[in-house]
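The chains carry the letters A, B, C and D, assigned in the order they are written, with residues numbered from 1 in each.
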Amino acid sequence: MLKKEGQIRIPSGCAISGFINRNGKRISGDQIVKSISYMHDRSNGLGGGFAGYGIYPEYKDLYAFHVFYEDSASREETERFLEEHFDIVNLSRIPTKKHKNITNEPLIWRYFLEPLPTKLAASQLEEKEFVAQSVININIKIDGAYVFSSGKNMGVFKAVGFPEDVGEFYRLDEYAGYAWTAHGRYPTNTPGWWGGAHPFALLDYTIVHNGEISSYDANRRFVEMYGYKCTLLTDTEVITYIIDFLNRKHNLSCEDIAKIIAAPFWSKIDTLPAKEKEKALLFRNMFSSLLITGPFSIILGFEGGIMALNDRLKLRSMVAAEKDDMVYIASEECAIRAICPEVDKIWSPKGGEPIIVTLNNGGDSYGN
Amino acid sequence: MNYLIIGNSTAAIGAVEGIRRLDTTSSITILSDETYHTYSRPLISYWLEGKVSDEKIFYRPQDFYSANKCNVLLGKKAVKIDRSEGEVILEDGSAVAYDKLLIATGSRPFVPLMEGLDTVSNKFTFMKYDDAKAVKAVLKPDSKVLIIGAGLIGLKAAEGVYKMTKDITVVDLADRILPSILDNEGSNIVQKHLETKGVRFILSDKAAKFTDGTAILESGTALDFDILIIAIGVRPNTELASECGLEVNKGIIVDSTCKTSDASIYAAGDCTESFDVSTGTEKILALLPNAYMQGEVAGLAMAGGTKTYEKAIPMNAIGFFGLHMITAGSYDGDATSIQTEGNYKKLVLKDGLVKGYIMIGDVARAGIYTSIIKEQIPVPDLDSELLASKPQMMLFSKSRRLQNLGGVNVGN
Amino acid sequence: MAINYFYPDYEVVRNEKKCIKCKVCVRQCANEVHTYDEEFDCMTADDASCVDCQRCVSLCPTRALKIVETDNIFKKNANWSQALITDAYRQAGTGGVLLSSMGNPQPYPVYWDKMLINASQVTNPSIDPLREPMETQTFLGKKPRTITFDKEGNITSPTYPNLKLNIPIMFSAMSYGSISKNAHESLARAAEQLGIYYNTGEGGLHQDFYKYGANTIVQVASGRFGVHKKYLEAGAAIEIKMGQGAKPGIGGHLPGTKVGEDVSRTRMIPRGTDAISPAPHHDIYSIEDLRQLIYSLKEATDYKKPVIVKIAAVHNVAAIASGIARSGADIIAIDGYRGGTGAAPTRIRDNVGIPIELALAAVDQRLRDEGIRNDVSVVIGGSVRSSADIVKAIALGADAVYIGSAALLALGCHLCRSCHGAKCNWGIATQRPDLVKRLNPEIGYKRLVNLVHAWDHEVKEMMGGMGINSIESLRGNRLMLRGIGLTEKELEILGISHAGE
Amino acid sequence: MKRVYVNEDWCLGCHLCEYHCSFANSGKSDMVKAFNGNTKTTPRIVIEEGDDINFAVQCRHCDEPLCVKGCIAGALTVTDGVITIDDTRCVGCYTCVLSCPFGCIVTDNEKVIKKCDLCISRTGEPACVKGCPNAAIVFEERG
């Protein structure tokens, strides 16, 4: 019998797409569904998903947890846990539409929460760390429950199926966000599990990823030293944790994170000006186990922006385009042209060179 | 530039090769009173013996003159040097002009006046190809050969005829053979060796008079012979030089570049005097290597070079009937000698230097001794224990070895 | 006494048809096995003196020689092997401790040979090292836990001295005394050319080799031979030797016969005296004491040099390593029980310690479990025999490897395991001038460079096959390994899955 | 030009160079044949052995070769810096033995002298250098 995510390492090939409006203008989810649908052949029906930013303006200060439950027992247990640690402002099933290609769906719930001040104070943790640990706790400890989205004013929607079907299933045309990412999955070692679909998210970080990294276990064993637990054994999961670790725990910028996970070659470092060289050397030395090798193209979503990055040898395809205040990134050009036929500029980013786009005006991430 | 060389033997060839190292275009003219392509004089005994063929007696390949762009006038004898006109007058009265002239006239056999010699029909000297050819023409199996002179030429002549006839008698006024290169012990060893081959020696005696076919010695002994070879000694051909006013002592006087007292005239080879570093005296060193070296230096100097030749010493390598001997330098000094069966070695030291040596039989690596004498390496710089045992590089200091065996500019 | 007679272990076989009596074998055997008999114009051999070092075999120009194992046998006994019986006879004759050298030759499992390496197919491209950059450069030493910058972007958090290795291979500690000066020169020059490090061992640093200091690790061992301020400052790093894989728990002993003029000066001991390294450091009876020595050495060198602590792989190695990591060491070197030695009691060499593979896996996991793996680098040695062993070691979690025996092989060692006899025919483990000169460092260093380059090339090929283009992505990447023929327990300790899983 | 150089620090006195030289000059296809037959070829290389030091000596191929200059038969010639002997011209007078400052002209019972020709005509690399186990003799360009 095939093992699912968490029981065995799951490599996978994929399609990714994403876009952002620099001015925070909110765009309907049907655009991202259309874009990813053009790369149908890059998926095999075993997973599709989306992340939208700026989609919950009415609850923008609350953590939005999206949770899969295998049964009501796990829901009850989870809700007990949530009630213990959080103030649950709103809870509901996530609206879906029956779709012939989407089957075996679990219970899919959404909670808008904020940590209970007493619990937060007692934990002596920062708020985000408190939330992250809570997510990890649920995912590890509560059998049958899986939190797949946990950021503010953003949400992940994923399922087993082709991404365009998943988009319809989740009725994404009813959401609007300033940034969207999408993923069509082509895994080679799983029967397909809803939790294992992409994007993978922790807090407001989401990752869609195309590739199969060969540094996986080196990366995993390193981040696990710092309180992370890679339960899914997927690349996306470990990349998300790495980014969370570097950004949230080390306060490093996206640019610096790119210099660590797709570090410049030593030969390139040798040619850098002294100050840059010192930094690059230290990064590579200090975070050597966070270098990601093997093919990948990723789109990282976060509050107020997205970053796209290729592995340093550019072993996976990825193109980027601009049109007015829009920036598009996708595995294939067709996925961009599908929703933006006339672009101002289109290019193929070099391996290891990040594309980082944040909202103008210091990030009015709510796009109002 | 017109180079003119009188002579066509070793020194002349050395000069051609010297000139051509620096000057590949100017004209070189060679005058020779013989009619042969340049040949090696020391090879005539081997030719007579049959060990060297007609082709191999030549000192350089047949294309030597053309390859070196030499104009060769064979059978032309130079009779006068006109220094004021810068030309050499030939026997036929014609003149050859020169800018630089080399006198490489060599030497000739010395034949003293002896009573009745003119009555001897088969009498020969033994220096030129023609001499050897003449001997060969009359040499028959069982010919009785009488050789006057037990020096290098006489004994080589003996070896040369030996294949045809074993009836050889050598007479010398000296009390031992090869007196010019060997000491008493050495002479004895070589004499005994030759006597085992059947060569007879009559020493401390001389021919008093001749009739055709018989020589009467001073001691009264009468010796019948079919062929008489006179090998008493040689004399340098210095007449051309002296007659035109160049400085001549026993040989033509030259400096370390072989220049004579006339700046445009050089001399090299057996007709000159060299400075013997082993004795510190000027002397005629009628030796083939010496002739070549002088010729080469002269050629280089004539073409504008500055190389000098000042490390000459008397030295000889020769063998008779399979017994080899190598000698060099002077024997005046403290000698240590070792004699073992078939081998003899003598090393002579004086004033803290190695001055000379004799090696007979085992002559391996003798050149190391030769170089020690020529380079005048002080004995304290050598491993004195090893010095007498055998010639070897181990004699030298490590730094000198390094220079010799690991360094650059090898052999300079 | 007849009981003291042992039939030789090896026999010299000479093909008389091929032998040209050149006598190279006679001239080259320091054990005087070969002789030429003038009277009978024939070659003879004294098999009893032969150690099977293969010198004569290698130099025989007509390939007329071979050495074979004797077929003289004692009555077969699966329990009492012939070697054990002979050893008992020997000890009954001498009353002495048996001595051996080089690494443990007993048939224990070799875990390197029970692990297989992964390669990419289809879903993930392998990388061609001839076309793409393939990085094996690495740094050894403590890494900062945090990084902070000032407003101008200058780094303000503390950093620590690290060793830069172009290739994750270093030459193990081998003292001048146990090996020859020419062997040391070969190692030093190779290290310099390769951009790696060699290690003085506990014999001090010969004055001629201070110039290679930037590529030298200077060792401080229990005998403190040759240790002084200039020595400490000369090296790129300082290694405290607590133990050695070949002889855990005991010290060292260089006989006075090997302490000639040069060795005496380098070790700072009188000529001709035995150099005895005590079993423990007599100023280190506990982990706190080790911390004191580490910081004394750092004080002495102004905190500019990383400090390595080398231990033998013993049962409790993971806990010991954790203690060392928390004692201020920058690098932990672990030496497995197959590691070489110039001399060790046979029973200790063959029975004490544990395999380096298991020790490494345990130490790496322990340090990660404690979250301190980035505080120290881990270097392992003790029989790294090929580039494949290196790939496996790094995948298990090592930062770099020490090679000792392999380096000596490059210099000509034939593993005859007779170093303690001091008559090494290859000019390695000897101080006899006529033998030492057989190792020409000009040849030696190039062979070392070749070996390391070849291995580096192979490591890169294997990395490329795995789709990895930088050594740090291989480090600790145990998914790249699969066990074969291992028990659940062994797999668990190694932290790897079985082949097929 | 490339020459054979000796580094006596590394010479082991093993004499292999001698044997390789003899073999190379023997014309035999196999070293065993070269030595176990009736005729043995004299090596053109000489080993000197001392208490602590050994080294091999062979023709230095001098820039100003006294052997060539002194040869009475024109048998020794220089081609591209390499001094060779023409067996058919040599008469065995040994003037070269007398002249060579390194003692590198070798004689045996045959009429003609023997000397190192750097194995130019055979392998291009001197057999002695190839056969030296310790790089005590090397074939290289210096200066």
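Here, contacts are C-beta pairs under 8 Å (C-beta built on N, C-alpha and C of every residue); 3 or more make two chains touch, one makes a residue touch a chain.
Keep in mind the model is a prediction, meaning the values are calculated, not measured.
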Farthest chain from chain C by C-alpha centroid distance is chain B
Nearest to the mean of all protein Cα atoms is the Cα centre of chain C
Here the gap between chain B and chain C, centre to centre from mean Cα coordinates and rounded to Å, is 69
Here the gap between chain B and chain D, centre to centre from mean Cα coordinates and rounded to Å, is 28
Per the C-alpha centroid definition, the whole-Å distance linking chain A and chain C comes out as 47
Separation of the C-alpha centres, chain A versus chain D, in whole Å, is 78
Contact graph of the chains (line, ring, star, complete, other): line
Contacting chain pairs, sorted by label, are A-C, B-D, C-D
Within their complex, chain A touches chain C through residues 9, 11-13, 188, 211-219, 221-222, 224-226, 250, 252, 263, 265-267, 275, 278-279, 282-286, 288-289, 291-295, 312-313, 315
As the complex stands, chain D meets chain C at residues 9-10, 12-16, 19-20, 23, 31-32, 34-36, 52, 131, 133-136
Residue set of chain D touching chain B in the complex reads 3, 5-8, 46, 48, 50, 53, 55, 57, 60-66, 69-70, 72-74, 88-89, 91-107, 111, 142-143
Listed in rising order, the residues of chain C that touch chain A in the complex are 120, 123-125, 127, 132-133, 135, 137-139, 143-144, 146-147, 153-155, 159, 162, 368, 371, 373-374, 397, 466-470, 472-480
As the complex stands, chain C meets chain D at residues 17-18, 20-24, 27-28, 58-59, 61-62, 64, 433-434, 437-438, 440, 442-443
